[in-house]
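Two complexes, one shared chain (chain A), two partners (chain B, chain C).
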Partner chain A sequence: MNLELRQIVMLLGTLTCLLGVILSIRTARTRFDRIETSGQDVNMGITRLPALAFAKLVAFAALIALPAGAVFIANYHTFEGVHEVRGCASCHVMLPMVNDMRDPNSGTLAARHYKNRWIAEDQCYHCHSDYGLAGNLEAKMTGFRHLARYTSRTYHEPIEARVRFDNKNCLNCHAGTPRFEAVQSHKTAHERLVSNQMICLNCHGQAHPTSAQRTPGSNDYARLMEKMK
Partner chain B sequence: MRLLHWEALCAIVAFALTLLFVLVPGPYPMALFTFIAQPLFAIVAIGYLSKVLADLRRQGSL
Partner chain C sequence: MSSESDPRHKRPQTFSDITRREVLLTLGGVAAAVGAGAATWGGLELMVRSRQTVERWNKAVCRFCGTGCGVMIGMKEGRVVDVRGDELAHNKGVLCIKGSMLPELTRIGGRLTSPKIRRRGKLVDASWDEAMGLVAAKFAESIHQSGPDSVAFYGSGQLLTEESYTANKLFKAGIRTNNVDGNPRLCMASAATGYISTYGKDEPPGCYADADYAHFFFLIGANSYECHQPIFERIRQRKRANPDTLIVCVDPRRTKTAEHSDIHLPVIPGTDLLLLNAMAFVIFDQGLQNQSFIDRHVRFSDGEHDADQAAFRRFLQSYAPEKVEQELGVSATDIRRVAYLFATSPATMSLWTMGINQRTQGTSLNNMINTLHLVTGQIGRPGATPFSLTGQPNACGGVRDTGALSHALPGGRVVANPQHRREMEQIWKVPEGTISDKVGFDAVNLFRAMEDGRVKAALIMCTNPGATLPAAARYQAAMENCFTVVSDVVEDSETQRHAQVVLPAALWIEKEGVTGQGERRYQLTPKLLTPPGQARSDLEMLVDLAERLGHGKLITARTPRAVWDEWREVSSHSLYNFKGITYDRLEKERGLQWPCPTEDHPGTARRYVEGDDPFVTKGAGIEFYGNHDKKAVVYLRPYTPSPEKTSMEYPLYLTTGRVLEQFHTGTLTDRIAELHEATGDAMFDLNPEDARRLGVQTGDRIEVKSKYGSVTGEARTTEASRLGVIFAAFYDWKLLVNRAVADNYDVTSKEPEFKVTAVSVSKVMA
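Moving on to the complex of A and B:
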């Protein structure tokens, strides 16, 4: 049996949550004062425990240990699952970017990177999360803000990026390669590119469909908003 | 006396929302997990620990 990490997370998460619900129901119904006075023991197979100690163990598992496990497992989807293109496309406002990226006839930067397999997987996250711990945390916090805006429907189409794109995301892969170094303007503008005074898109065209294309009612809107297959 | 009644009920709600997110990881289950289930688990932990502390004080262990 060949299980993927995602399936293992689902299986473990389901078991943890179901066990948590069962033990929480038991804890909610437990009358600790009655158990204390009854003085009974509970047979656990390998040992016998006083009923009160057993009830306290169950309460600890239900209210501390299993919630910690459930949060840890479920956050796999929050911190790892969102690396996948599918994760980005699950919000419909991102469909224009993903559909365009997968369109073999599109000439945008994202589409060219995708069809030429310059980035093999997790294409969105590769270009939109700055490398390093601080960058990643910042990207996560931005993600939480987007999640709140999306689910509360407090956004307007076409969506606009609030942060300035960091050239480091491009230079991490391109800088130092023979093709990059062979271009004279890259050498001339090196300082301005590194300090983000000049953006790569100035010369290399649109990364994604334009705001006009993503505006509801435009000629391209219906095509860009098609549900992913 | 059901000493941990409301904490357990909150935990049940939080586990149910977490289970939904684990099985269907879309934006709405993610929002429910992030903004409701996780804070609920934190409130449950605080409620539980405060009662454990009160119990320890009552027994004279602290």
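Moving on to the complex of A and C:
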């Protein structure tokens, strides 16, 4: 069987949750005041624990360790999962970006990078590399804010980015390549590009569909919002 | 006590068993959870919001070239802190390096902050009252002693529409002289005369968005990679999305545009009418013409009399590719290939600019490019259009449309036509006969009239003719011979050095007004900053002058909005009708393309096309309504060699142009550190073979000499220069290459031939 890390993590998370539920039920049914009187040791294989200590251990696992583990695994899974394009596409406000990226006739930066296979996989994450598990705290906060807005349906289309896009996402791949260095304007604007005072898009155009295209009722809206196949 | 009897351990069986304490605890828990969640969310909202570096984004238009890119200006604490391309504007968020540096434009050094009057040879500070009092007195004296034609206005494609309109009205209907011209004469006059003679009306039929649909781009005399970069980026994006798209570049130099093209035809300077005529020959010879389009929409003319298709074909016989290839410098095979591709592509878009316009045959060249589109039917469909790019942000809207040129009147009228004069007199409510029937002085002839004293006082606004005119030394001296008034934004320019009065002007977003870019699109720039010192808008200066010269009752509209309202009302009496383009709409919308007769009209992307253009008769499909028979004219335009043919004495061709980082004479862009660094001093580019023959190496100083003057500068060898061609950019006042440029112009458009000068080159010994 050929399991990807993501699937293993998902399986592990599911098992953790199941175990947590089972142990929680068990803990709930435990009468701690009666254990003392019965007082039998429990055989743990490598050691023997008094029944009360065992019950407390189970309670600790059920109420603290396993939930914490589940939260960690869930976060890990989310952060890793959203590296994938379909992770982004699972929120329907992101459909216009993903649909446009996969449209061979689109001229946006995202579409050109995708069509020309400049990025082999995880195309969204490659240019927005601050939101993964290793990303910065600000991106995490932004991500949770998006989650809160999305799940509570308290957002308005077209959505707008609040934080400034970091040019590093572009420069990581492009800086230093002969084609990049051959352009005089890149030298002229070097300081401003590195310090994010000037955005790369000023010369290279739209990255995604415009806010006008993403506004409900626009000519392109229905096409951009088509469900992913 | 057993647990069963302890009420604390008793599990509730029904709701009535739940104690009040338990209910409160549960509610408290839920409230705490909700509170924690809300607090986290609220905290996140606040924390994420705090990252904004801009307080407010304002919509405006770039200050520089004729592309007229929409920009978003980020303001914080009264300062411009960021500029981005406006993704909703026609340029879809794309700018060039100059546009990206706009925040620095608001902070350039050397701004002119006080009016100045020349006293004992030196410009010294004066009050507005003193300066304007002197200007008005000198103008009044000259008008009184030598008549209204002894004064002149020389404007700019960088003034706002409201300013050019007001100047035109003041001089033509107030002072009663048609001596109103400006730097657009040096830039797109041939495109205007080309369009007017072909279609009856000025301005391009197509739009920038045609680049998204074209399959074949024919760029001739245009280095758009450097001069109109957002448009070339659009062309490249079209090619990236559709790799079958072909780009052809016709240019004597291997420019950046040529480098990024599929086919480069390096013609010999001054000969490309041979190429266009040869392409027309191939089109008819190979039966590639669109006969039904020709039959329905085209009339032939030799310039004086009507002709027919047979006469046109006979005329083309002497331009067979094999007959012209030697003189043109491009092989017959290449000519035939390009002609075939031009005619047979699903949609062909031609783009041209100064390489075509700044020529003694500029009008003919423009006619012929339009002809190639007309005879192949490559017009009036998305992607199929002839399109002249323009150099300045408001040459089209401000000067061509308002008729602020010496032969013109607003809305496509001309001073030579008595009916046109009468119409404008009625619209402006001035007595019949107010507007002079005498065509005023065009740019070059205006400065010649200053030279010999026919023009005694001139107001120059927002331009630097001391550096931009050909044979520059001659016309710098001419300004000395006249009472020259210059309004400018920066201290010290080649023009100011010869001026008697200098007036400090507001720059870009220090004043409000409308600009009209290359595709008939009007856009509004808001006032976001206060001008430095005593600087004022040019409109305020013109209103002041009108008042002082006693024309206050004529110039009643005195704010940008009031002038615009008057001008759009005036436009409604013409086929340029844009009455529907109000300030309110311009504040909300991303510019609007005329014709746009009503406030609910969306504007016209493609002119002469039914469904787009409101003036096309229903059912006509395509209708060239600017001409009386509603047909476009195909002219028989013979090639005549430039007067600047190379000779033994002057064996090389000098040609001039722009570089990406600099705009015009660099008065604005060269004051921005990064842009100055990027270009350094202008140099002469020589082909290595020419350089070797002349014993010149990169870094050597050379003297470039023509019949008109000589310039000394540093040489640089590059394959980009065709053999026999030397190039210098005109932004650098230290080089001032225009001192050597030939003083010839097109007899129809009066546009000087900056692109062809025969020169000799010699190494300067240290």
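In this section, the second predicted complex is superposed on the first by the 212 of 229 C-alpha atoms of A that agree within 3 Å, B and C clash if a C-alpha of one lies under 4 Å from a C-alpha of the other, contacts with A are read in each partner's own complex, and residues count from 1 in each chain.
Quick note on the criterion: a contact is a pair of C-beta atoms (placed from the backbone, for glycine too) under 8 Å apart; a residue touches a chain by one contact, two chains touch by 3 or more.
Computed from a predicted structure; not experimentally measured.
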Partner chain in contact with A:Asp33 - chain B first, chain C second, else both or neither: both
First (chain B), second (chain C), both or neither touched by A:Cys91: first
First, second, both or neither for A:Met198, with chain B first and chain C second: second
Partner chain in contact with A:His156 - chain B first, chain C second, else both or neither: neither
Which superposed partner A:Phe144 touches (first chain B, second chain C, both, neither): both
Chain B versus chain C as contact partner of A:Leu63, first or second or both or neither: first
Which of chain B and chain C A:Arg48 touches, first, second, both or neither: neither
Touched partner set for A:Met10, first chain B, second chain C, both or neither: first
Overlap of chain C and chain B interfaces on chain A (superposed complexes): 31, 33, 144, 148
Parts of chain A lying in touch with chain B, wherever the complex brings them together: 9-10, 13-14, 17-18, 20-21, 24-25, 27-33, 59-60, 62-64, 66-67, 70-71, 73-74, 77-78, 81, 87, 90-91, 144, 147-148, 150-151
Residue ranges of chain B in contact with chain A within the complex: 1-5, 7-9, 11-12, 14-16, 18-19, 21-23, 25-28, 30-31, 33-35, 37-38, 41, 44-45, 47-48
Parts of chain A lying in touch with chain C, wherever the complex brings them together: 31, 33, 104-107, 112, 138, 141-142, 144-145, 148, 162-164, 184-185, 187-189, 191-192, 197-199, 201-206, 210-212
Interface residues, chain C side, partner chain A - complex: 3, 37, 40-41, 44-45, 47-49, 51-53, 82-85, 87-88, 92-97, 99-101, 212, 229, 233, 237-238, 240-241, 660-661, 674-675, 677-678
